[in-house]
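I have a structure here, written as structure tokens, and I will follow up with some questions on it.
By letter and in written order, the chains are A, B, C and D; residue numbering begins at 1 in each of them.
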Amino acid sequence: MDKRIQRARRADRAMTGIFYGIAAFFFALLLAFTGKVIIGGLMGASPEMFAFARQGAIGNQLFNTVYLVFISLLVSVPLGVFAGIYLAMYAKPGLFTRFLRICIETLSSLPSIVVGLFGYLVFLVFMGMGKSLLAGALSISILTLPLITTTTEDAIKGLPAGYFQAGMGMGSTRWQAIFHVLLPACIPRIMTGVILAAGRGFGEAAALLYTTGSGSSLRWGNWDITSPTSPLNVLRPAETLSIQIWNLQTNAQDAALANLASAVLLLLVLLFNIGANAWSRHINRKNSGEKA
Amino acid sequence: MKKKIIAMTLSAVMAIGLFTGCGQTGESEAPAETQAAESGAQNETQAAQDEKELSGTITAAGSSALKPLADDAANAFAELYPDVAITIDAGGSGEGLKQVADGTVDIGNSDVEAAEKLDEAQAAELVDHQVCVITMAPIVNPDVAEAGVTDLSKEELIGIFTGEITNWSEVGGPDESIVLITRPTSSGTRATFQKYALDGNEEASNASMETDDSGVLLQNVRDTKGAIGYVALSYLVDDPGVATVAIDGVEPTLENTYNGTYPVWTFEHMYTKGEPNEVVGAFLEYIMSDEYGAQMETLGYGVSSKMTTTEH
Amino acid sequence: MNTTTQKGMFGKEYAWRGIAVLCGLFVIALTLVIGAFLIYKGSDTFLKFGHTLWEFLGSAKWHPVDSAEGGGAAGALIFITGSLVTCGLALLIATPFALGSAIFMTEISARFGEKFYRPVVEIFAGIPSVVYGWVGLTVLVPFIRNVFDRQVGHSILAAGIVLAVMIFPTITSVSADAILAVPDACRKAAYGLGSTRWQTIRHIVIPAAAPGIISGIILGLARAFGEALAVSMVIGQTTALPKSIFSTTKTLTTEIASQMGNAMEGGELKSALWSMALLLFLVSLLFITLIHYFTNKGKAKAEGGKA
Amino acid sequence: MLKTKFEIEHLNLHYGSFHALKNISMKIPANEITAFIGPSGCGKSTFLKTLNRMNDLEENVTIDGTVRMDEKDIYSEMDAITLRHDVGMVFQQPNPFPKSVYDNVAYGPRIFGIRKKSQLDEIVERSLRQAAIWNELKDRLKKSALGLSGGQQQRLCIARTLAIQPKVILMDEPTSALDPISTSKIEDLAMELKKDYTIIIVTHNMQQAARISDKTAFFLLGEAIEYGKTEDIFARPQDKRTENYITGRFG
């Protein structure tokens, strides 16, 4: 019997070593990967590439990326949050709810190229928007909607049952309880979902290929939102960083610029992920009652 | 100072002409002009404005072979007319034609005639502008060229691309497998190459690696020993790290294209739905102007008017 | 409380409730419209051009003509095989590593895992696929060419590795969640019986978390199946059935991505491509059904199958 | 004179800077039931866990002093895995594995390397019989253990512990989550098992300690206040604090 234990202990040690090995390997792989992209991108860049110019720079694309994702969240956040509330608070178990869930999961697993083609047909051809930031933003909304819906639902369901009962017990209607008790309590977790959705939007290329176009002519200082060169106009074509990478890399034009755009895009995604993480950890700590 | 005044005037113009900017370019011209006149700008700015009054958006999509040229022209054009926002997308010739026919872009860039990708009714609505000539060259990995393969006969080329010749030694090169790197069947570049370099013989799809775009194709030929592929000359102007191959002793150059000795070329088309509006028209005119023609050649595209023959 | 405010209160209640229901309906409508759109576009291959389903799924002859006349061959077997093989390979590579990582960050080094490893893994998930593809083409492909001494580095192997790296975070974080959900009492019981940590993990934790882990694997598979841009850069697209993992071939998504833009509207080729997009949609539906099956199984297990 | 199973000398345990067990010394006899009583947080469960080194699984725990089992120091002369084979544990919440009844009981023997079906069958039956649950479960050996009632689950956990043939069974408030009928079944079982095993039970329930144990130790704020024969502790407590607790004046 002692031999058995010896053997078990040896196996235990070996497996622990393997797990450490795997973890170290992937840790190193990721560091190497991000390091290569970010350092390589920044090293090869010249100062004028950071300018906000029509050509040969990434400033306008960076702005377009952030603006487009912002507009898309304006659409997907309210829709997603309400749909999430419906699922968490109103949906009765049954065929309809099951169907709704399947729909959400289907949406979330659609290849983004399919969403892009769909967006082209609906927003450009049927609704006549033309290649525009808005059409791209709406396509991204389709992609991020399921993520926000499920985070909201999980956030509400994750609250202690007492929260809602306390709200209801004080004689408020369901909505008052949801608005004044539940939503404030789960805003942090919903925010995390929104940040992750934004991250997905930043990196998306396939869904934008057919919908936003590659416009980068912006005139800073032109705040008339109907002008085609105004940064704020949502009906102008807008090249995002990921589209820029796609355009530059596939046409073998300016590798240094493409690398810089990759680096900045990766930094943006990193920033959002780290932000989301720090945020949720901060909130968790706060909610768990400041345990030292 | 001057610029600032112009910018301010134009902003005012744009503010009054609400909705004009965001719609298609067609509507944006007239009100802008009248407003400009009414705004009673000072004489000097008025003079400057004659030159710079164009304003609106131009959107183009389609052929990836044409995109570098269109981009360059768009940049030069935007220098002259800062209030014109130009967007050039790739996506492929078919996509360009479809989008211009749908009315979602102003210009559809295509390597092929509209009739090949659209039905008759749609194609009839489009107006063709043959903006330039594009020449396709067979390219090989430098190791093949260094070993002496710098010239192939048409028969050899056909043999290679149809998969009958599979080793470079069969055409006087090293003992090394031939790696075919091509474009997808629906690509305009492939259609052109097949038609004029291979005399219409079908490429061996099951023995070739297809690449979605010329940039990646170039990268692959550069990296793969024994590789052969084809790209437009425009991809070869900066040292690309690959070698071109002459066909029947004729080097793929613009001169040989102009004088009709090199056969693998085609007109590049910019289609508009009906006659172009003022802004788009000005842009097309600019691309086909002589002053831009010189720039066009440095980018590796041929000027349409220099062709001594328009038939193959 | 007077009646008017009460009325207002309940009126609001109904209004808000209505909005929530509408949003739910909107999601359903959106999915149905996308589905209908794909069916409408994808059915032409069969209805208009007269290809049989059997030909589409079972034949490797792929010569659809790029015009509305039709008459070509529309067998998508090469792409289906390509997708299955690359995704299968990706799973084979990613699953052990992902499972190992998930175990590491939950059972072996929970503190380091939660603080550093999980965020790092999630960053992997946020890297745009274009970037993966480009690094694959410029680093991995030459690497395979040199290490295995091949003329061409593009291969199913390269695609499988790129996809494996892409789906690794999905499998890892879903598995880690499943493992964390295993009650601590189970671990205590196992240790109390004199198990080593590895015995506990292998005999207790992994079996208990299995349904969740399988869901994670399927989720990863779904992501791999739908990926287009990164794969197309490294798979060396050749319209032929693969012979080995060093073969070049095509997948459903790479063919859609490379041909869709150029194909003629309403032509046979374009219809066939839409049919492939429809197939992707149906496959993702299948994956979802499988995930549901396994999560329900997991739930049944947790509730003890009293029924 | 009964044989001594555990001999604890000057045992101190810290959770970080918190002094959880203070200088505990006692001898625990073999083949008897020893009960640990005391208010919540008094350290009785912590002390129980030091006997099979379950504390090792927690972080920031430091232990000094000696714990000897059969004259062997369990912290320096044995390793935790071997120790836990000899000292089984039953937890406060029934914690069967999410496996079948059979697999739950066979788990221990299997990790010892017993693979033979006939041998496993025999161990499973014997353990379930010993835990007095064979008759209830013999027809549902292949069903999930999670479907059993709480009391059945707890007896299954005892059977699972018996299957590894330990010398000692530690029970950490084994009946606190159960109804009175299940509780009395477990108590009967413990009385039955003490013939073959040394049993140490932590309980909140003083009647339970009085009913089943031979010896009782009273813990308060990490100290073992009083330890002796159960009837002495309950009838003639020496310490005022013990008396207060037993008569219900605090706790």
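The definition used in the following text is that a residue touches a chain if its C-beta (ideal position, glycine included) is under 8 Å from a C-beta of that chain, and two chains touch if they have at least 3 such contacts.
This one's a predicted model, so the numbers in the text were calculated from it and none came from an experiment.
K.L.:
Which chains are joined by the largest number of contacting C-beta pairs?
P.N.:
Answer by contact count: the chains A-C.
K.L.:
If I average the CA coordinates per chain, which chain comes out farthest from subunit A?
P.N.:
Between subunit A and every other chain, the largest centroid distance is to D.
K.L.:
So what's the Cα centroid distance for subunit A and subunit B, whole Å?
P.N.:
The answer is 35 Å.
K.L.:
Round to the nearest whole Å and give the separation of the Cα centres of subunit A and subunit D.
P.N.:
Centre-to-centre distance between subunit A and subunit D: 51 Å.
K.L.:
Report, in whole Å, the distance between the mean C-alpha point of subunit A and the mean C-alpha point of subunit C.
P.N.:
Computed value for the inter-centroid distance: 17 Å.
K.L.:
Taking each chain's centre as the mean of its CA atoms, how far is subunit B from subunit D in angstrom?
P.N.:
Inter-chain centre distance comes to 82 Å.
K.L.:
Counting only residues that touch at least 2 other chains, which ones in subunit A make the list?
P.N.:
8-9, 249
K.L.:
Note the residues in subunit D that touch 2 or more other chains, in rising order.
P.N.:
Answer for subunit D, listing residues that touch two or more other chains: 81-82, 85, 111.
K.L.:
Could you pull out the residues of subunit C that touch at least 2 other chains?
P.N.:
Only 195-196, 199, 257, 260 qualify.
K.L.:
What chain-chain pairs meet the touch criterion?
P.N.:
The set of touching chain pairs is A-B, A-C, A-D, B-C, C-D.
K.L.:
For the complex, give me every residue of subunit D touching subunit A.
P.N.:
Contact set of subunit D toward subunit A: 79, 81-82, 85, 111-113.
K.L.:
Which positions of subunit B touch subunit A when the two form their complex?
P.N.:
7, 11, 14-15, 17-22, 24, 28, 55-57, 59, 61, 64, 67-68, 71, 75, 78, 82-91, 95, 102-105, 212-216, 218-219, 235
K.L.:
Under the stated contact criterion, what part of subunit A meets subunit C in this complex?
P.N.:
8-9, 11-12, 15-16, 18-20, 22-23, 25-27, 29-30, 33-34, 36-37, 78-80, 82-83, 85-87, 89-91, 99-100, 102-107, 109-115, 117-118, 121-122, 142, 145-146, 149, 173-176, 178-179, 196, 199-200, 202-206, 242, 245-246, 249, 258, 262, 265-266, 269-270, 272-274, 277
K.L.:
Would you mind writing out the residues of subunit C in touch with subunit B in their complex?
P.N.:
Per the touch definition, subunit C meets subunit B at residues 62, 66-68, 137-138, 141-142, 145, 151-154, 232-233, 236-240, 248, 250, 254, 257-266, 269-270.
K.L.:
Enumerate the contact residues on subunit B facing subunit C in the complex.
P.N.:
Interface residues on the subunit B side: 90-95, 98, 101, 116-119, 176-177, 179, 184-188, 205-212, 216, 219-220, 223-226.
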